[in-house]
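Quick heads-up: structures coming right below.
Each of the two complexes below includes chain A, the first together with chain B, the second together with chain C.
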Partner chain A sequence: MSFTTPTFVIAAVTSVVLYYLIPKRTRPYLLLAASLGFYLAGGWQAMVYLVGCGLLTYSASLGIDAVRAKIEDSSRAKFFCKTLAAGCIFLCFGLLFAVKYWDWFAVLTADAMLKLGFGAPLPTLELIVPLGISFYTFKSVGYVIDVYRKKYPAERNFARHLLFVSYFPQIVQGPISRRNELMDAIDNPSPDIALNLKCGIQTALRGYLKKLVIADRAAVAVNAILGDPEGYGGAMVLMAILLYSIQLYCDFSGGIDMARGISLAYGVEMTENFRRPLFASSLADYWRRWHITLGSWMRDYVFYPLSLSKPLIKFGKFTRKRIGGKLGKILPTSAATFAIYIFIGIWHGASFKYIAFGFWNGILITASLLLEPLFLRVKEKLSFIGIGAWRVIGILRTNLIVVAGRYLTRAATFTTALSLFALLFTNPQFGRLFDGSLMGLGLTFEDWIIMLICALALALFELAEEITGKDMFTLIDERPAALQVAVIAAVLIVLVVFGIYRGDYIASEFIYKQY
Partner chain B sequence: MEKLYEILENICPGIDVRSEALVDDGLIDSFDIVALVGEIMDEFGVELNVDDILPENFNSADAIMSLIERSR
Partner chain C sequence: MNAKKWLIRSACTALALVMLFAGFNILTDPMGVFGDPLFDWYSYNMTNNPRAAKIAYLDEHHGEYDSYIIGCSSTSSFPVDAFNEYTGASFYNMIMYGADMLDVEQISAYLIEHYTVKNLVVNVFLLNGAIYDQESDNILSNQHAKTNGENPLAFYSRYLFLDPRYGAAKITSKIKDTYLNQTFDVFNVKTGTYDKRKRDAEPIGSTEAYLEAYPGFGDYPVYTIQMNKIDETMASVARIKAMCEENGVNLTVVSAPVYIDHFKCFVPEQVEYFFTELAKVTDFWDFTLSSASCEMRYFYDETHFRNNLGYMAAGRIFGDDDMYIPDDFGAYVTSDNVGEHVASFASVTNDTSKYTVRFPVLMYHHLADEGDSSVTVSTEAFERQLSLIREWGYVPITLEELYNYVTLGTALPEYPVLITFDDGYTSNYELAYPLLMKYNTPAAIFVIGVSVGKDSYKDTDHAMNPHFGWGEAAEMVESGLITIGSHTYDMHQWAPFEEGKDAVRENILRLEDEDEDFYIEFLRADITRSMDEIESALGETPLALAYPGGAWDELAQAMLNELGVKMTFSTEVGMNTVIKGLPQSLYALKRYNINGDTTDEALKSYLDGSFTQ
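On to the complex of A and B.
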């Protein structure tokens, strides 16, 4: 069931009404029932994976706590705890690998298997990919590691653990919450019902506007151009990738806004997942603003353990002694950073294009770390350029790099991405941008106008948030009541007229739900 | 303590090393923390590991110092 279907909206509103009618202590159980009901609507097979992941991580974390309580010898206890945590992580990621990557791996290695004399290639499994499996696997594994690191004790109530794993607003595309943050928010929801509903509705409306009015329209033009890239030429393909970048942001962050909005209506605030990535001044800054919870998960559970692993610590000592200077200091961290971006690339899916996407980000960020002293010297030499101008240059440069990287994620394969990019030089056809071709992509003139006005309004709104440092609620709350009502009414009208009652040629499917 | 201030200044030039919110105010990031851990292990001869990487352990020089003391 998608967040954009009327059935979902009716079910979500009903659950919010029920939530405030029942006693406070039973509310988490209502959220659990709603979450399981939401997931079950997608089929019982996927439910088996979800409950399996819940049972596995529940048992492993209880096992870790039990070992600590029963075994006094700390080194033996540590060994058993480590075995339990590692076994659980191996099984969780093994399951994720089986459903998402196995078939790709089997096809990829088919020739090699035959050449190596194995007789037959590895069999493909053709398993269903359960909705949101990467998201709930990552948050469940994070929970087990936190229990192993003694950040908090294991959850003893299975229903509560299953609620954490399956909490429906965040199961489709995140955010990847930490157990203590989400369960604290569920256990201590904001008591001000009017404020909860106001914030929830405003956030969800922004999400629906991004998704239904902007992203879904951009998708029509993107699909049309990329359906015949040779015919349209490199300039139009670049336009498609630019539109795809807008589509992806509005689709993903729109979905997150809907999720956060629904959760806020219960008084449960979820972790932020986007902080205006359009205004990032470097690629590293971009990844701190885009899909924040995936980045922080990678930082806490991969980057730190990797950076502080014995081989990298040894490597660090070696580079500090032998190479010295800035390079000697940051080489080990850069190696870990590079590994993280490869991992993030692979997280996106089973394809060489995603590995290439990881390399693209890893190489640029590692290079920027290594070249930082050089950049600082250049900046000093060009001291006549003010701080504000450098910031604008940084933002433009970052957006250029991000859009270039999107060739890799949008194209069907890695080689297609390269040929799409090459078209810009071999067959650009710049004239197609101005000869009315844009009007022949399946969108009406009205569609283009409403999409561009809404995208511009969104960008200006985010610019106001960026400059003032205030969030959406504060910015709206500071205005006179009449203006507040007018803004919300305008958004509602645009949403109803252009988002709900729109042409059948505009489809609605979330991009990130496949992850 | 002076040695710790010196390490902080070397890793993050220009920040207020006496701040009580090094992590909360974004004065140091994950890269700085990893570099800091490496330097601390070298200079103070203590063994820190990933379980010690909590924001509260790095939010101020005092917090870092007490982490070092606990690890001795």
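On to the complex of A and C.
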């Protein structure tokens, strides 16, 4: 069930009302029921994976705690715990691999399998990909690792564990919360009901506005242009990729806003997942602002263990000795960074383009690490350029790189991405940007205007947040009451007229034409 | 503002907005479900959603009707007035685009239960075999909650919170609204049919011209329509029949005509099954396939037959011999003859020569004893032309003969020609009439009402060519050769003589920037006066009008139809094609202008159609 369906909104509002009517003690169970209900609405088959993942991680973590309690010999205990954790992680990721990547892998290796004399390629499984499986798998695996690392004891109450795994606001697209953070928030919700509702409504409305008014409009133009890239030419394709970047941000962060908003209404604050990525001054900074919880998950559960792993430490010793200098020092880190971005790329989906996307980020970030001394020297030489100006340059450069990377994520395949990019040089057709083609993409003039106004308003608000360090709701709260009401009215009108009603309307002139 | 205050104010704002939206939707009521308090514009509402708006309309007006014609969009062309005339009942046409038989059944049930229903005519269209129960919650095609039993709360709230653009569109359409129908108001509220005044006013001539105007007939797509809903549809028809029997309603089932290329999309075995099953349920009038199906000019588009065919269908059902109906059009089908009937589909053929005639119209103005000029024909030349026409084998005909050919299907000579005179000059009476008598040649004269019997312009000092009076006109009509038509009463004004006037009506068209209502009233008064004067002076209603200056448009032609003018003449050059059963083939007839410069060769090329400009 999508967050944007009326059924969901009604169900969510009902759950919030119920939440405050029942005793505090029972509230987590209401959240569990709501989460399971939400997940069941998508079909019972997916439920098997969810509960399976929950059971697996629940028993593994309990097992780890039990081993530690029962076995005194710490080296044996360590071995058992490690085996349990690794086995659980292997199974969890195995499940994820099976549903999300197996078929791609089977097709990819079909030729090789035949050439290698296996007789037949690997069979495809054609399993449905359960909703949010990447998100809850990562969450649960993180939990098992935390228990293994003795960050906190294993959860004994399966219902509570299942609530952590299935918490519905974050199951569709994150954020990927840590167990302690999420459960602490659920156990100790913010007590001010009015404030909870206010924050929840504000955040959710922003999400709906981003998604329904901006992202869904941009999508129409993007799909139209990329449906016929040769016809529209490279300039329009670039335009589409730019719009796609806006679409992706508004869609994804809009979804997170909806999720956070609903959760806030319960008084449960979830981890932030976006922090104004538009204003990132470097690609590394961008990844600290975009899909933050994925980045931090990778850092805590992949990057650090990898950096501290025996082979990499050996490799570090080797490079420091043989290569030396700055390069020798950072090469092992770079290798780990590189691995992370490839992993992030693959996380997005089963396709070479995501691997390429990982490479693209990995290469650029590694390069920027390597070239950092050079940049610093250049900066020193060009000291007449102020700090602020450098910041702006950094932001523009980062956005350019990010947009370029979007060719990879939006195109159907890796080669399509390359050919789309090539169009900019082989067949740009710059004139198409100004000859009225933009009006022929399925968006009316008013669609463009409302989309651009909202996108601009969003960017300006984020700029204000960036400068003042306060969030936009606080900024609005500081204004006179009348203005606040006007903002609410404007948001509601725009949302209703341009968000909710969009798509149903058929001009009466057209009705008769189809009779 | 603290959080509590914020919540209260936001909730109030939201509530105010909700009420604003709902209020706007109730006031504009674009689907007519709230009684359309502001506009009372059901033609618009029905265009948006015929199913809901018609029921909403009938709830107020069902007292005016006692019989209903019901079915999908092709049903519109079964004419309410003809059914009323034949049965003495008062019909309402309950067409709904895309209607399936479940729609028909549910709405019939509602009509029978809530209103007085004497007769029910149900169109079981071939396409109904392919669709059934397509009812959705689409605000444009769903039924009224009253007819399909939907929860009224769900139904009305859907319209209460309708996209406000529908209401806004209604407001802008109201501003753009004109006398004739536009795409946003396609229904005739009183009859329930489509408002086809525009399409029924368009002149129809040759097949080539029709194809040019409606290329869809030329390359009709060939695809297969699978009729896999026949059983459901027939079960529904059976329930309708049972319902009618139970309630003493007289049920007539008809199958509407299908254009031949569209018919080819259906699978013959399925067509046979469709009609066999229908015959098991009820006897019915089948118009599906006949020679008329092969004539594109009998169709508005590839899936909708013209009102003209609807009149023929009604005539066939009620045994009207006083009109043209193709012999093979319509058959009463029972379970006994259904096999034979369906078998006859294979042998349907069409021969256009049986129902169309190509002919020229000549246009004269003033005659003079001698001296041909660009506006005047000499008597000598006129006489020579009259004799040549006969010599070359052409037979001059009267307006009435032409009219009867189209409406009654009576015969015309193989090479007919029509001779016309514009303006009504005395020379027509003094010089032309004796020669027409001599050669026993009929002709039509179009008189300008205000100029009849005058030799000065509208009682001013401006002298003009004298015009014959009503006495002379009566004498000529008496002879049986001359027909008098209208050239308008006073819409052929001569600018130089209309001193001090801002706007001069040189022709029938609406003046630039003229208010449409004012124009329509002016036109109506002018034409009515012209027709009335001719009728009171000559004892017969004029059939025809020649457009002053040849200028005409859609609105003028539609107005003339409304005022009972059967034929109109333009000054466009070319041959005409008249078609039996299509009065539109008598609209804006083309004419060849004959003047003092016209050579005999030119005349010949006009008559045989070889003339090119």
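The rule is simple: the second predicted complex is superposed on the first by the 501 of 515 C-alpha atoms of A that agree within 3 Å, B and C clash if a C-alpha of one lies under 4 Å from a C-alpha of the other, contacts with A are read in each partner's own complex, and residues count from 1 in each chain.
We take it that a contact is a pair of C-beta atoms (placed from the backbone, for glycine too) under 8 Å apart; a residue touches a chain by one contact, two chains touch by 3 or more.
Owing to the predicted nature of the structure, the values given are computational and were not obtained by experimental measurement.
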Does chain B (first) or chain C (second) touch A:Tyr304, or do both, or does neither? first
Counting only touches as set out at the top, which of chain B and chain C does A:Ala481 meet: first, second, both, neither? second
According to the stated criteria, A:Lys317 is in contact with first (chain B), second (chain C), both, or neither; which is it? first
Now for A:Ala336: first (chain B), second (chain C), both, or neither, which partner does it touch? first
Per the contact definition in the header, classify A:Lys150: touching chain B only (first), chain C only (second), both, or neither. first
Chain A residues in contact: does chain B have more, or chain C? C
Interface residues, chain B side, partner chain A - complex: 30-31, 33-35, 37-38, 41-42, 48-51, 53-54
Touching chain A in the complex, chain C uses residues 1-7, 9-10, 13-14, 17, 21, 30, 44, 47-48, 73, 97-98, 139-140, 163-166, 169-170, 173, 183-184, 186
Please give the residue numbers of chain A that touch chain C in the complex, ascending. 192, 194-195, 197-198, 201, 477, 481, 484-485, 488-489, 492-493, 496-497, 501, 504-509, 511-513, 515
Chain B-facing residues of chain A, complex: 149-151, 299-300, 303-305, 307-308, 313, 316-317, 320, 329-330, 332-333, 336-337, 369
